[in-house]
């Protein structure tokens, strides 16, 4: 039987779009439903947009709302899409909340999905897979790998996540 | 530390291309290296092309070559890209060979990667993730899900894989 | 003031799609409206689908319907999307009908628009432009060039159109 | 015989790329050669990069360099890729230079070519076509239309070019 998964959307590069009038990047709607359709994903997924922000703009109050939803939603298998810049910090906040019995996987993208060459679809396929089979805990899934929340950092020079 | 994974390429829709002179689909080189780059995959992956065939054209001898490589290669975590039509049959052949201590995940695509709207990148992200964390055994990873080789079939009406 | 143009759709590689259940190419709806939106085309364009066929399957009766619509429609500036294999033959049929005072430009694609790497958008931009400014007559617009109907052939080895 | 065309590249949205480390848009190399290949363009085209700038950053000195190259290059049929914000201003500068016997067509894009949904390929197909057949003069080719340099403005609300 297909597993129930909740995807909590918080924005990040994943969901950025190009505003052709201003030449700037902005957020409109999440691309998650379209991405799941394209992946022909048949999991029992509920997608919920908590916010649409650049993770550099995410403050403590916003971070707390993510923690709250991860704790309070009914599913025990959760994927959170998040900007890469503060993904590890949010992972730590969730871990600190000591949510029992849930597998929570944060993922993101280096290139917006709306741009042709995005890594987002690969990362989403990876994150929903790890979320189904990893033991309960808080993880980051990037670059085809998974890391425990306290064993990872973003290398700001390479843009990649690495074990610490 | 990053895990060593071998990807065995056998063709399938995944790697089909459009021949603009004949209007037919054909195989040239595998897109796996490009897909792994796009996914910024940092796993220690070795990609090996065994064959490039439509899985409907795969005979017993060809299927045996896939089994042999899965058994004989040094890695214990293996992804096999494969046409969807006979993916389950190849999974069974591998399982019958009773390869001990290896996690082997077959995946494919419904739309060629070279066409814009392919599910291939999602499936690849999913397969390399399952291949890292599932216990040893032979699996099919499609539609965001994983199935044991003896618990899955392709629904030829919907094009999706389902548990049996 | 923006010029009135009619686009007559006849199918061809331009509009082919991939059937993920059969692995074959087929026709569904034309992509012309989507392509014009993507090109932010502000011409006064009416798109009319006459048929959706591979031009190798186009018989005399079908070819006559194209001639009839080109002659009978109200616009004097016309683009016809057409398979490349018999594009020149249809151009000749239209020219033979001696339609006075109309500029008629046939174009097509070597790669379906639905596949990422299509030449279709380039050819469409080219064809609608030539259709606005060339003197009345019947032309083929391919490879960034335009040819009179009696001065062009498709080179079946290269897939390109060349002057004769 | 195929016509000789020179494409002068000046940057603009056409050629912007996404910097995945900073999340900002930037210029690297022009995409023009790749776009011409994709359009299977068989014109005798020489592509020359004069500069790679956002047209809002283009000063008088830079604009003069564009005028100089348009006047001094050997070709009489010229396409200039240019940011849309000051495209009309550059067209006026070129027209003021009173270059005799040349057809000069400026074009651009609202969405970078590197992003999947760009109008750039349509505009390029349009511009190279107009450049071949319009009488000598300075033109803007956008939105499938062509305008004389002194009969067009960019509507900053809609992002489209319109006759004045």
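Brief remarks follow.
Labels for the chains are A, B, C and D, by order of writing; each one numbers its residues from 1.
One rule holds for everything that comes next: a contact is a pair of C-beta atoms (placed from the backbone, for glycine too) under 8 Å apart; a residue touches a chain by one contact, two chains touch by 3 or more.
Keep in mind that this is a model prediction, so the values were computed, not measured.
Separation between the centroids of subunit A and subunit D, computed from CA atoms only, is 39 Å. Centroids built from CA atoms put subunit C at 44 Å from subunit A.
Rounded to whole angstrom units, the spacing between the C-alpha centres of subunit A and subunit B is 26.
Listed for subunit C are residues 110, 116-117, 159, each touching two or more other chains. Contact topology of the protein chains: cyclic, one closed ring where each chain has exactly two touching partners. This structure has the following touching chain pairs: A-B, A-D, B-C, C-D. Subunit C meets subunit D in the complex at residues 1-3, 35-36, 38-43, 45, 110, 116-119, 121-130, 132-134, 141-146, 159-163. Per the touch definition, subunit A reaches subunit D in the complex via residues 13, 16, 18, 20-21, 23, 25, 54, 110-112, 114-117, 156-157, 159.
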